[in-house]
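Here come two complexes built around chain A, the first alongside chain B, the second alongside chain C.
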Partner chain A sequence: MEPMGKVLMINYEKCTGCRLCELVCSVMHEGVSNPSRSRIKVVKWESEGLYVPISCQQCQDAPCVNVCPVKALSRDETLDFVEVDYDVCIGCRACVSACPFGAMSFDVIAKKVIKCDLCDGDPQCVRFCEIEAVEYVDADRVSVFKKRDAAQRLSAAQKEAAALQAQL
Partner chain B sequence: MDFDSFVEGPLLWVVFFIVLIGVIARVVFFLYAIIKSGTDRDFRWGYSLATFGRSFVPFHNAVTKRPLYAILRYIFHACLIIVPVWLAGHVALWEESRFGWAWTALPDAWADWMTLLLLALAAYFFFRRIMVKDIRLASSTSDFLLIGITALPFMTGYFLTHGSLDSLPFLGDNMWTIHVLSGEAMLLVVVSLFCRTRLSLAKCTGCAACELSCPTGTLESNDEGKLRIFTYSHYQCICCGECVNTCPEEAAELRHEIGLGGFFQIVPKLEIRSVQLKACDKCGAPFAPEPQLDKIGQTLTGDYLRFCPRCKKLDFAQTFYQLSPWTKKLKTANNHP
Partner chain C sequence: MALDRKVAYIDLATGNIETRPIPLDVRKKYLGGRGLDAYLLYNHTEKGIDPLGPKNTLMISAGILGATLASASARTHIMAKSPLTDLLGSANMGGFFAPELAWAGFHHLVIKGKAKDPVYLWIHNGEIEIRDASNLWGKTVTETQWAIREELDDEDVKCAVCGPAGENLVRYANVMTGIKNSAGRSGMGAVMGSKNLKAVAARGTMDIKIAHPMDALNYNRRFIDQIVSAKVNQTQGTLGTPFIWGATNSWGGVRCRNFQYNQCEYADDIEPERLDEIATETMGPYHMTGCFGCQVHCRAQYKIPSGPYAGKYDEGPEYTSEGAFGGEPDCKNAVTVLTSNHLVDQWGVDNLEIGSIISWAMELFEEGILTSKDTDGLELRFGNDEALLEMIRRICFREGWLGDTLAEGGIQASEKIGKDSFEYLIQVKGMSNLHSDERATPALALGIATGSRGSDHLRSRPAIDLYHLPEEVLRKVYGNPVPYDGPLSSDHTSYVGKAWMVFWQELCYMGVDCLGICKYHTTFLGATLPNFEDWTKVLYYNTGLEMSPTDIWGIAERCYNIERLFNLREGLTRDDPRKGDTLNHRYFDEPCLRGAPDVIGATIDRKKFHKMIDEYYEHHGWDENGVPTPETLKRLGIDKEPSHLL
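Entry: the complex of A and B
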């Protein structure tokens, strides 16, 4: 039985694309309001009015954890998320290339990799998103996603990528 | 004046003079390079000094990867400096010289043992270089030459003090001259000896973690188009070994380099490695070094490795959108795509 922590649930239908979550995320972690240093990113299709906030999926058999050459990434058991140990991390960026969702980024200013750490259990993006497009809920409430495990999500993303590739 | 007395007299003084000038020049060049790089950009003085200092201690963290080898290397270098400076015979010569300097000498027995230890280690390093395939392939002639040049004065010095080869025809008569000459050669080599970082072409994946660890900003990488170029300057490098310690592929090495050519190359940076960057299969932007992706490909399989993080994010947002329960609702409600 995998641990059932709380997860970020994203209801993109509600998202208005205001990107407040990006701002508060970078303020929380870096002390400056710079969306490019945020852990959560809003992907926008302006013409369709479609906004999808994306952050780390805290995968179960996480690709980033598997490729890290110095084992700086591990699963935090209490909050059930994938954590970067910055004392160990050497900044090789293998995890950035390995993450299937582009959720691991490299902060060129602080020169370190950044990913969602659930703000130690009090996600700021959730706190500030008044319309509740991002919510912090028990994992079993996210029924659709919990039925599909990480591997399946991964293969869906891959298929999508392959399909896009075929269109080119 | 015959050859012997020339070697032991004027030539020796000329060599000492060159060494003195060389050392002063190097200190000046080093300070200049390091101050210049410090004013150019963010330079961590405290950290640099600490790492520099730590590299004189045998157990600093850059050697923990190969502790035994590091200890042997440390002993070797300690003997290399202590024996010639504190040898009773040498101290006596300084006292007789026009300077009349004198200092306490090392007991003869100690000097003997240290010399033997140094020679044994030199032999070990030499044969290790020949026997171990990885090291042999990465070695150049100058690596072997360097060990030979270092060992020769000690070998001849040992024979001299013990008179063990005095009965041989040519060697016995000229041992003294050979000793002094080889000592002079060694001093000259030492002045033009640099410790230089190399990134092994076979092992380095181009991840640039070493760049992040370098406290002086000596090792730099720049992504220019489809290439990641690593540059380096031996005057800025404090030989702290942080890069060696950091590299996950054991690709960064600190190596001796005899370089007269590099002596006056103070500020310009040498290009030491260039790595091909993979262009995203979708948007075409170069995003990660090819060798590193190849390495990741050994652990993970997935088409997504061919896409840059930005395109992966877009892909995922799209997938997410199609998989999510709201899409279904929307689709039935107003035939949204």
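Entry: the complex of A and C
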């Protein structure tokens, strides 16, 4: 079997909350500035300065695909993402209810469900995120980066422990 | 389309609301934002009205490029007659309010009259409702916003609000949004308070059609590269604006002890690196926050480390808070800076103005002009952190004789305090100066002396004058979009050609304020940043409007002249120490005592300054009294104002 393609990797700790991703997403897909029609959304806790971008995880066993009564959702083979076939979709919003991340949205102007389609392999949210809170990486890299972070913490802790021991 | 966003006229006394489209020919004359606000102000106020009376008109607006792919198209502009200066009131803030206003269908609000009881405006997808705000009155800036979100059951609502200082008619109260974004000059929050208007809440899901979406995306990517490649913006993005205060202090360009000194000796204690050490979760690439669509992300996040407000979250502090609560009052504790910054953000008052006013009062106290009877026993001396914090509270809530007096602003307070207190007041047109010292930098001195909203660094400051750029580089910047072959000097202590630089910057800043984008995205702190030529492309790709760089230059000139006409109508005269284009006598008489070798001993030369003003008027096409000539008004098409097109 072919290995899985690239995925969006979101590191919310980096996000500055500027919402440019929402703007470029709606311009790319709909030709308009309108965050309510964006496939990505920055959820905010302003009083704590916490910003978390939320987008589709392209789940392997995707609840939206499973719940769709007319089989309008399927996995795109080339880019490996969950795709909506609008010729089949009846707009019942069952997928919106089923998505555990709220990443399946309903566009109230076009009156259709919308989700991340990776912009044909050039995700605009990634292209415009200078701080690299959203990156487009090979699926196996996501955990490698996290492993590196964890390893760094572990080795720092070990050095600290060794230093403390030396003082005894 | 951005061009289909409307103007709404709201009469708070009658509850009458009228919305109108903004005609294309008006857009072509004034674009939007500050420029169109100035037109509306001149057309919708009568001469000599009380700024805190029902006849004042409050403008709230987004720029013409608000919420589009213009990069940092986040700016909200607020305008009214200023209760602080009795002249033009004008203030600008970042955050997320203006884009939301645009998504809700509007670019301009024209708010008249006074509501009988406290109200707020709810603006949602083309509709405007006046709602009861009696339960919001008395709430702080953030409490108000969170309460409105709860009431409307929508966490995406964005608000422009006044805090307790605005309610209490402190004449330099802010309009604010988010945690700390402030339209913080000239007392626009007091105008809101005077109208019983606690907040304007907006939320919208209306399309703003982008004229050429792919071109707009691609050009924006290029624009961003230009913006983030500037070293100054990279530094802003990790340290925020306090780094500028520190850098300026190093050569002796800040104020200390109400202008007695031009350098602080303990600056390390309040430098951004020090703030980073003591405050949790502050500074650095992971702890900065940005306004809508901006890659500079210049606001630090912090929690107060100790004291009565320990653990409180806030953003900043900015250069202004460093100066206002560190340098000027000579308070050496970084926690004082962080705490003061939090108090002014919560109570909604101009940090710059309140810091200057308190420092002025400290000098008056030390000189014996104010006594402990006036201060109700408070030892209002430089370096007294507790006294600083106490005075911030007294002013915001008008407590005691002195709190109430200082809340009136410097000029009115000087009349109440009497003696020669006015001589110590560092102001232009009744507004306090930024905590920078311009005695060694004539260009900067000219800028604050002539700023249309009073002393200010964001109206015309040619900050790149400090970089000693080669003359050919200066020519590239200042020779476009209209040719200039007069003299220019790379020396910041020189008077040569500075009038042109100030004039050019005025129009540049008017340009960004009409477009609704941030000054960090233009020729302010970096010489390589975008201006007129780049704006024509952003404007075309986003709105479809075709304009040349000189068209935008002409619009900026027209808008600046409307502001001038307003000020002249309200009593500006060239040499009036209270309402004129001039400086406090200390600029001319007291030499700088500290700083770099070319700064020590510097004063502004009266004769050369006078000549610089003459030149500046000439560039504008104004006569020797600073009045636009009939030919100038005709050339700009504003010889028949007010023309009531809107």
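Definition applied: the second predicted complex is superposed on the first by the 140 of 168 C-alpha atoms of A that agree within 3 Å, B and C clash if a C-alpha of one lies under 4 Å from a C-alpha of the other, contacts with A are read in each partner's own complex, and residues count from 1 in each chain.
Operating definition for what follows: a residue touches a chain if its C-beta (ideal position, glycine included) is under 8 Å from a C-beta of that chain, and two chains touch if they have at least 3 such contacts.
Please read these numbers as outputs of a predicted model, since none were measured by experiment.
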{"item": "First, second, both or neither for A:Arg75, with chain B first and chain C second", "value": "neither"}
{"item": "In the superposition, chain B vs chain C on chain A residues touched", "value": "B"}
{"item": "Touching partner for A:Val108 - first (chain B), second (chain C), both, neither", "value": "second"}
{"item": "Which of chain B and chain C A:Ile131 touches, first, second, both or neither", "value": "second"}
{"item": "Which superposed partner A:Glu13 touches (first chain B, second chain C, both, neither)", "value": "both"}
{"item": "Which of chain B and chain C A:Glu46 touches, first, second, both or neither", "value": "second"}
{"item": "Which of chain B and chain C A:Cys99 touches, first, second, both or neither", "value": "first"}
{"item": "First (chain B), second (chain C), both or neither touched by A:Pro63", "value": "first"}
{"item": "Footprint overlap on chain A, comparing chain B with chain C", "value": "13, 48"}
{"item": "Chain A residues within the chain C interface of the complex", "value": "13-14, 16-20, 23-24, 27-28, 30-37, 44, 46-49, 51, 108-109, 124, 127-128, 130-131"}
{"item": "Touch list for chain A against partner chain B, complex", "value": "10-13, 41, 43, 48, 50, 52, 54, 63, 66-67, 69-70, 90-94, 96-105, 111, 144, 148, 153-154, 156-158, 160-162, 164-165, 168"}
{"item": "Interface residues, chain C side, partner chain A - complex", "value": "67-69, 96, 99, 103, 142, 146, 155, 178-179, 205-210, 213, 216-217, 220-221, 224, 228, 281, 285-295, 297, 301, 313, 315"}
{"item": "Chain B - residues contacting chain A, complex", "value": "205, 207-209, 212-213, 246, 248-249, 281-282, 287-288, 292-293, 295-296, 299-300, 302-326, 330, 337"}
